[in-house]
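A single structure is presented below for examination.
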């Protein structure tokens, strides 16, 4: 199979550079273009990027030239585009790439609430990728746009996916989020050492909407997703961890559930990325812990190379149609670049790009 | 007024030493006895204690002798006793002091679930102190036992107290607790740096029961407290902060509420300790924040010298009979020694000791 | 005594706001003017400042109006000025205030290396304040400029001051500096959690020069300070603490020293601020610890309300003319506003302003 | 080549479990025996160990049985032994294994100062392994004992090894050490959050002696190591990092040095483990940084899979025969199990076991 050619938009910042290890030697994708603002254009990648990762820049990518956004668009010579642009910037650029025939897998917040734009977690809602076709017919694009959810959405949606069949009625979620979720300069050390910050602007609204959309069902006739008919309520907090968002969930179901049934639902949970044996797919996608002290942020965020979510402490909550549990996912891997690379792998294998 | 004489049981550990600054120059109480295990008996306080506080040992107490528990009991020459004994040890000793006529204000976990033992947060449930009389008649004691709640209970109970009148029906609570809650050696740095631990053994049960008891009403005829007829569900987590337990609460009421009414309820909230102008009573007892970034652990745990709780982010939760809010209290001050000293001040002024 | 009137230049940032508690009810100084950039001018202080301190804005200052720098200069109606301006901004403004007759006590880095500008730690080099007179004759100013040292200089200079008499020949210093030294936004949490950063731009040069200047002697005939004739070498590092710079010093003397003599030198060390019983002077100025585990950043940075330095672990270093020791000072109190307020108190009492 | 059979003594604690990943699929060694105290004997490894690592127990070792020390010694059926016993326990057991013909590669502190016991960092002093033969003739053992240095010694010794040729005369070292160096429970979070602890009992003496021994030369005729004829002075401090000891070094040489020559010495530094291409040998053994902000603990401790040391900020220190530099090594990999596995690889290849 010939590899698809790929570009990264905004590869120099903290979000963008997360794509580099995934694409350095990817079996399906060949990284051809790095496009950034004028400030970086013309430099080699290693000179343009302030590299924040513990592992060094993949050696085969360190000297790649960075081009301007204009040039990348004009060339239009890649098949797919990974975007780590800031949301405001992405709003302008991403549709242009989509129009020119490229499929944009984007980490930027914009467009997530458009009915024909899928917000994808491959194991949870891979059928939503069919919205790409609807975008094309509706918008006259040759390509399309696929969105990553907010990094806080991911742990919850992956933890809830195996439980959809029990009839989720209401979810209360309290998050304890790592500082990397705000970007490298987002949280001053003076702000978070020995502290918890009880508010993250805009976060709760995103988590609430996106979970209902991701857990909802695609209505192909309407060309949009029917939100999950449940109530989702989040309280989002920043704690002093580097990576990994952990969440306490209180879940109410339509009917009574048995803990053992829920356990089995997790143990048996697998999805299309695992069936297709996609390169970035974790097995299992959701790790179940019976030890009440797990999952822990530091010990478990890297499960499945950071691509697996994990859940634990599943217990009844005073009656049998309510439970409590803990969910964890790595916010800058599964909650960012890794999830989009997996989505691209799936879209390719399922013939959607 | 002559001062009451006081003893501290277990003054050398981290919980016990918190009493020292409160009692160094207290207008009502004079510290007469420091009683500890045989290991410490015979030493001066400054030699017996491994002092962990940022402020030094009050100079007038540094050279006080530490006596054995046996000796302290035999002398029985104080009016009140503050106990910071480990729960297992307290079980044996506290009733003996109560029997001999002393009122024991205790931080130890034991006896909290006995129907005639009050678990006190003075501003929330001061009428429960009347159980002291019931203890005396039921148990034949001259004195009695008053219990401090678990440190995690405090923020929630103080945040909920002003809202009782709206008919609390259900509370989901997710805590983010400081390491000091586990004692000085309780949480290794290897365990909590860059981490969240999603489980604290026994904590959720305590928080759930104690909140319902503290928020409940004393039935004097039965000689016990009727638990608040609500459902209380907690998920308790350890985060990397030194002091201050912060909690996200999801509260369901019997009826619709207006946020402005709740705000006014906080702003107007005062209680008997404030009316009596007790030395340790914070004014106000619960600080309300409108800034969504507050309360923050580091910035607000010391409000009212660590005796005030604080609340913020009061907002409707999808419908008008549900709200979300954030609550904070200093776990080793209001959640420990400070709360008991305030309880003793109140008991004295109300003629219960 | 009538109070001197005072202004703060740059009171809204993290450095500037440190002056507020010192000046809220100062017995010698009355805060009359808060001057800041156009962005803040016209607002009340509480609206202009992003307040970062754990204690709230002093209530009597919260509503003070902030005026522009131009207006403050034009009015020229105060006796002394405390400056927390950024160094580049201070370069332009401070001489203008000095020219108009005000004495500027400045935290900004500029001018520290000018021969007639004193860099003051009152207990260490109060005679250098006489340079104010030399500034006036040399520069034709009515007022003058007094500089605070870099926050890392302070612990070392205070620790070395009592040892000058033994003939300091060489000092190697390794610092472990708190994040607050870089300002509120200076160190992202991503940069310092679980990390040490082995470089702070420009810091070592400042520490080396300033120590030799502060520990040097004023030559009144030359109108400048003779640097201490010693070699001073620093290696400066950022660690994950909030406040308090701690330093390991290796000191070589001209002659052999006895540890007990050094101990006595610390125990007996006092200086003019203590003799004059100045309001902000700590007693003692340098706390000596014999416990090898002290001083510790968290436990000891607040000694003397943050104004006392502390030293410990004084031990010979392989031979008798070399020693090692640990020094600590609070970088945002003694290393910033507090030190300047003390300097102003001293200058007033010694008739230099 | 048939693999050598290996045992681990004390594999369940934090130090011991570090050996497991190295030995799970080692090309030279086959792990046959896990020996621990009676408390663990009879259990499977996964039940006996409290596993602290981010990666799970190697799956092929999880079910290995743990035997008692007595049984392991009686069987005596392995070729080499890795010991992570506590020092007091190791004192009794290690000689017994050596006597019975096994070569013990030990992380325990005991015996490091015996003249015929090598303290090994393979790249620095591999010739010292010849002391194994001297042990055998002197002590009548069939096997022998090889010691790991203290974890703080490692960064300094590796940083100084390439500079020995310039005539090291004096070294002042200030360490900033991670909490893992004290063992899992060694540093309570209450003790180190927002803190630096300026003392680690016994550490400075170890670092000073061991560096001189490791950097010294084996005198085969005397059967012992001549210490490096230099003065080594350490000041050791605990900071709030998880893994990785970073050190500031002030080095005085016999003669003038050029920084560029030192740089080249690092760039060209290689040693016998690299020549033999040993499985655990990092290439290069010491990474040189020109970026003054490196090495950083979080970014660089894992270089060479945690086996490479790194150095940076090499600069003259006021004159040309003195320099300053920064050194870093991973204390629980290169400073513990990893270093011993490399030493065993080398001893095997060089025919010493």
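Chains: A, B, C and D, in written order; residue numbering restarts at 1 for each.
In this text, a residue touches a chain if its C-beta (ideal position, glycine included) is under 8 Å from a C-beta of that chain, and two chains touch if they have at least 3 such contacts.
Values in this document were obtained by computation on a predicted structure and should not be read as measured data.
Participant: To reach chain C from chain A by way of touching chains, what is the minimum number of steps?
Facilitator: Tracing touching chains, the least step count from chain A to chain C comes to 1.
Participant: Provide the labels of all chains in contact with chain B and in contact with chain C.
Facilitator: Both-contact set = A, D.
Participant: Given the two chain pairs A-B and B-D, which is bridged by the higher number of C-beta pairs in contact?
Facilitator: When B-D is set beside A-B, the one with more contacts is A-B.
Participant: From the centre of chain D, which chain's CA centre is farthest?
Facilitator: That would be chain B.
Participant: Counting only Cα atoms for the centres, state how far chain A is from chain B in Å.
Facilitator: Chain centroid spacing, chain A to chain B, equals 43 Å.
Participant: Just curious, how far off is chain D from chain A if you go by their C-alpha centres, in Å?
Facilitator: So the centre of chain A lies 41 Å away from the centre of chain D.
Participant: From the mean C-alpha coordinate of chain B to that of chain D, what's the distance rounded to whole Å?
Facilitator: Here chain B and chain D have centroids separated by 48 Å.
Participant: Could you list which residues of chain A touch at least two other chains?
Facilitator: Where chain A meets two or more other chains at a single residue, that happens at 193-194, 240, 242, 298-299.
Participant: So in the complex, the part of chain B that touches chain D is made up of which residues?
Facilitator: By the definition above, chain B touches chain D via 14, 52, 179-180, 184-194, 240, 242.
Participant: Under the definition above, what is the set of chain A residues touching chain B in their complex?
Facilitator: Going by the criterion above, the answer is residues 172, 174, 176, 193-199, 231, 233, 235, 237, 239-242, 246, 248, 250, 292-299, 312-313, 317-318, 322, 324, 326.
Participant: What part of chain B is in contact with chain C in the complex they form?
Facilitator: 54-55, 193-194, 298-299, 302
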